[in-house]
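The same chain A turns up in both complexes below, where it pairs with chain B and then with chain C.
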Partner chain A sequence: MKSKLTQAFNQRFFSSKSKKDGFEFWVFVGPLVLGLFIFVYIPIIWGFFLSFFEARNTVTPTKFVGLTNYIDLFGDTRFINSLETVIIFAVIIVPITFALSLGLALLVESLGANSGVFRTIFFIPTACSYVVASLIWKTSLFNGLPSGFANNILWVINEINPIAWIHTTDPPYYWLVLGTVRLWLQSGFYMIIFLAGLQEIPRTIYEASMVDGAKPGWQTFRHITFPMMRNTSISVLLLLFIEAFQAFDEFRNILATGGSSGTQILARPPLVYLYNVAFQDQNYARGAAGAFVIAALIMVVTVVQGRLFGFGKTEH
Partner chain B sequence: MKSKKLSILFMFVIIATLLVACGGGNIADAPADAAEVEEASADTCEEEIVLTHWYHQYGEEGTFDAAQRYAAEYSEMTPCVTVEVNWVPGDYFASLNSALLTDEGPDVFELQTVTLDRVAANQLEPMDDLFEGILEDFNATAMKRVTIKDNIYGVPMIIDPQFIYYNKTMLADAGVEVPTTMDELIAASKALDTGRVKGIYLSNDLGAYNYLLYMATWGANTDFIDGDQIVFNTPENVRMWEKKAELVETGSMLLGATTEWWDPGAFIDGLAAMQSCGLWAMPGVVEGMGAENVGVMPWPALDESATPSVWIGGWNQSVNANSPNTEAAKAYVKWLWIDNAEVQIDWNLGYGFHVPPRSTTAAQAEALKAGPAAEVLAMLPDYGNTTPVTWTGAMDTIYQDAHAEVLLNGADPAEQLQLAAEAAQKELDVLLGN
Partner chain C sequence: MKKLKTTFAATPKYLVLIFLSLLYLLPFYIIARNALMTQREVAQFDWLFWAKEPQWKNITTLLNDPIANMRVGLKNSTIVSIAQVIGRLIISSMAGYGLARIKYKWANRVFFFTLGALMVPSAAIFVQTFLVVSYLGWVNTLAGLVIPGMFDVFSVYIFRQFFLDFPKDLEDAAKVDGLSTFGTFFKIVIPNSKGVFISLGTLGLIRSWNSFLWPLVIGQTRDTWTVQVVLSTFLTAQTINLPALFMGAAIGILPIIVIFFFVQRYIVEGVKVSGLKG
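For the complex of A and B:
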């Protein structure tokens, strides 16, 4: 289906003669482009220049320092630690979210006509803000008091004494808090993407396989469903990795706010580190330099992953 | 064709609405301004000055209304000047720092300590002239926090001493003496820990937060900066960090409380026998537990050769050097925190307890003359201390992180202090231009 807007777009950029729809084109696209420039592109370019200057307590610096900010960044063990943290986090959270979302999608789809209700139930957490969820996890579900939800459950099960979930470093229970909040928030959304992927698979293939004697269940999933969802799976993986590398909200709200931000050293992803550097220490140049390092890292991971799994290839 | 034109018109309406919504704050405030402008215009102003005044979010009930009331009172009595209060919840300093980068920053705002980096970046207007003849009347430690190279960049509003509260009954029942050294504190916390009631509540990050860390540092006879040198890496400080790690090891500290350390809730509820907190919490603590049951003590010394310590924090009011109305802003600050004893008493004692920085005002503060509050005031001359103005946020983060590594990750104190000292020295060198 070709919409009016696409036509206008094509005419504007690909044909030199038509000016008929130019006005409408800019009415619709203009504000968006303007917003993109002012709020996205200009800050990115500005940040890039900033990263080569000394910019403390100012964003209009005058002292050019070359690559000093980048060198300092890699000389700071706190930044290196934050990179380690986020890589470990990604390696753990991505496969779990992937498996859980896929599992949910298969379960929900198998319900047939009744799937709508469960689809909605699992999708609702996506609408919840990370900050709100983080605070619920921190102060209600996983607080360290005997009255906390998790501690209550432990007591009921086996009279286990209260655990300080966020502050116990051995074993590192805080990962449980950080991991579950992200799972709860994300799984529903990716389940919807998987459901869409599942519906793309032609029924006829399943029917044909039945005729050939394939058993429903694992065999069908292994040889038909999963391979047919290759592109869906790869996009979900890419998105999950990018989101993991951009982790900020729950780490900041569970470990780095209030009067006890010392816990942030337990698991400080790069964005929390950069936020501190830029907005607390007021070293905007180093903050900008770090942002470009993270962007580069995300790009490398995305490209490598795309190559590895063959994103965009068809099944033929 | 008609519907197409309609849809374009509709788009314009939406865009116009969005644009209007962007400036929402101003438009919403317009009616109030208009009324005040009208009132003031009776005096025929050359131009109407609007001062924006930023506060961080105070926790005590009634503070927001009080801040609004002062501003309204000043606006009414001063022709051509209107003060608008902006109450900033959440991360006050992140919002303030971003705002100060622009031309739209606040005219008047609060700072905890005036630091050299802000002066170097020309964020603060000198205010020496406001103190002519009355400088001696201000608390010397509070003035140390706003004075850089003989210039004064802020007016102290409140002094917030921080120390340790203890529950007298619980200590007596357990036969525990008030601890004065770290070893005694560790022993006391262990003895007071009954499982349900923990020995001490420092904070949810095991006592890693900065003010407590300052007190521990002074308690180890150690300071932060001497001239152009970082000096916190001393053998005594290493031992203090080891002692704090030992306190964590006992498992007698309250963790995962739903209230942060600055809220006395956990202490009042009897979840811990001791808690680090500040004078601001005193009214609530006395009301919750009875004055006879409330004990206060400084952070214990490392050993007999060292001195216990109390952190003298607080808030100051500064004027934005880039404000177009610095003179009007200074006049407003002078009215509030220098001339107006009534406001100072109200702000310092009407909600939570703070010490008024002007000694003549403090002398009128009846509430601070008896009970545990008076004991706190008595501790200040001997034990009170504050960080130097060259101690910036960046150094603070480095120092805190190193300390948290020790407490939370079991890192080696000597190694962490060494690393932190090197990193902080780099920051200091940049700051001083060496």
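For the complex of A and C:
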């Protein structure tokens, strides 16, 4: 009995293998676990707790208020508008970026050995920041003055009068400005992902289809290329969607006016709303509540989208 | 004859490609053009293709302008992105190796713990992260800008996958030679994994250098502004000196563009792996 206990005890605490491996494991993985704990899990728990309290000008809870923050949030038209804005934005930007990136990939792929230069050109914008791109779009490309690039082109073509691209609400030209920024910045990145997907498709499938009489072009694309890139397409769609829902930089830099306050804004996506509430009104509790709603929305739609397309079925 | 025919068939495709290329390069041309012009030239009605006399002095005007704060921005962005990338590479590669190679009874639980963090859309919970960073007293500090961004589960998974495919013979040989797990990792595994380090490193560098929301929230005082915050503040100011603003943009993207050209092959590899995310 005693020897059995000692044996078990020795195995538990002095077995060279389990002790050494446990120590080594934590040295390697510990920093990550600690970091995720402090910067992901504690914030979520703290934020969740805080969202049921009042917390103005302080990040610590002051008074329990129950669901008031959530009720106020959904009673705030600015928040509801921000959800509408981001849905419109995602509906515009996701399919267009998807189609353009895929189109660029097909074009570049078809060049074979000569593709290098074009691939680089379409890919360079990836190195650029949203702030710099917003700056170019706002003060030069779509500057509302006659000296703006787009207005210059319109004048040269047909003496069309200058358009105030950013401040015209009817028609809402600012969507064109916002959409093209993101398109320019993102399409090269997703083109590379599609190119990787295209290269995964075995050549033999195309050869076999040629033998069966399929014509190269649309038919081949429709029945072979596109279905073969199912997983790539789904993951691109999910990534585009997640990024669109977290849009902040271009809205803040292109649409915010009136100094740095950024209070008057034509279209305000959820993250800009949260920024305004948490960092300008200093209402951290409502900011935290709002962030949960947005994060939950993104996660739910991601899962639903994944299920809808059957993502993961082939992965595991 | 056949050759001639295919060349003609390919012409529209090349026209489309050249037209698109010009569109994609247009913003870069505009940065360079405006950065070297005088204020009068930028504002003039007729589009001037290039400055009559390139205003190189715009560089010194910008760097010496105390309101623009560009020097501070450049210094902070350099420190923040390099520190963040090095920290992230060390933490992710070690965690990836631990999860791939070290047997431990809790390994599965730890893996699910990291998976949970991966599912959370990180930008959407920036208010929550701010609460903790503010409690730590890291608002308006470089630590607050750098450290929260060092824990990236996605990089960990890429490293883990990479190390799972790493030739085990090499590691076993190192162990036979008397190297510990640490010795094996630092002396054998890392030197043979340069590609994945450069890929994730450069992609991370681009991300850190270009990030805006977090630096805007954490760097509220002028001495903690990054380049992106400097440019954004410049852009929303009441009166804008456009050539100086564009010179700022040029200086702001130049380091990244240079790196981009040197290691494009590795960045492409990194992006391909990013496609697996989701």
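What to note about this one:
Simple rule for what comes next: the second predicted complex is superposed on the first by the 270 of 316 C-alpha atoms of A that agree within 3 Å, B and C clash if a C-alpha of one lies under 4 Å from a C-alpha of the other, contacts with A are read in each partner's own complex, and residues count from 1 in each chain.
The working rule: a contact is a pair of C-beta atoms (placed from the backbone, for glycine too) under 8 Å apart; a residue touches a chain by one contact, two chains touch by 3 or more.
None of the values given here were measured: they were computed from a predicted structure.
When the shared chain is aligned, chain B and chain C each come close enough to touch A:T139. In the superposition on chain A, contact is made by A:F118 with chain C only, not with chain B.
In the superposition on chain A, contact of A:N57 is made with chain B only, not with chain C. Of the two partner chains placed by superposition, chain B and chain C are both touched by A:F279.
Shared-chain residue A:I93: touches no atom of chain B or chain C.
Using the contact criterion defined above for the overlaid structures, shared-chain residue A:A267 touches neither chain B nor chain C, since it reaches no partner.
In the superposed pair of complexes, A:W165 makes contact with chain B only, with no contact to chain C. Once chain A of one complex is fitted onto chain A of the other, the partner contacts of A:A150 are absent, as it touches neither chain B nor chain C. Contact with chain C, but none with chain B, is seen for A:T232 once the two complexes are overlaid on the shared chain.
Counted by residues of chain A touched, the larger count belongs to C, out of chain B and chain C. In the superposition on chain A, the residues of chain A contacted by chain B and by chain C overlap at 24, 27-28, 31, 59, 139, 145-146, 257, 259-260, 262, 275, 279. Partner chain A is touched in their complex by these residues of chain B: 4, 8, 11-12, 15, 18, 91, 93-94, 97-98, 100-101, 117-118, 120-121, 123, 195-196, 203-206, 208-209, 254-258, 260-262, 271, 392-394, 397, 400-401, 403-405, 407-410, 419, 423, 430. Residue ranges of chain A in contact with chain C, taken from their complex: 18, 21-22, 24-25, 27-29, 31-33, 35-36, 38-44, 46-47, 50, 59-60, 104, 107, 110-111, 118, 120-141, 145-147, 149, 152, 184, 188-189, 192-193, 196-197, 232, 234-236, 238-239, 242, 245-246, 248-249, 252-253, 256-257, 259-260, 262, 270-271, 274-275, 278-279, 284, 287-288, 290-292, 294-295, 298-299, 306, 311. Chain C makes touch with chain A in their complex at residues 13, 16-17, 20-21, 24-28, 30-31, 34, 42-47, 91-92, 94-95, 97-99, 102-107, 110, 113-114, 116-117, 119-135, 147-148, 150-151, 153, 156, 181-182, 185, 206, 209-210, 212-213, 216-217, 228, 231-233, 235-238, 240, 242, 245-246, 249, 252-253, 256-257, 259-260, 264, 267-268, 271-272, 274-278. Of all the residues in chain A, the ones that touch chain B in their complex are 24, 27-28, 31, 54, 56-59, 76-78, 139, 142-146, 148, 161-162, 164-167, 169, 257-266, 275-277, 279-283.
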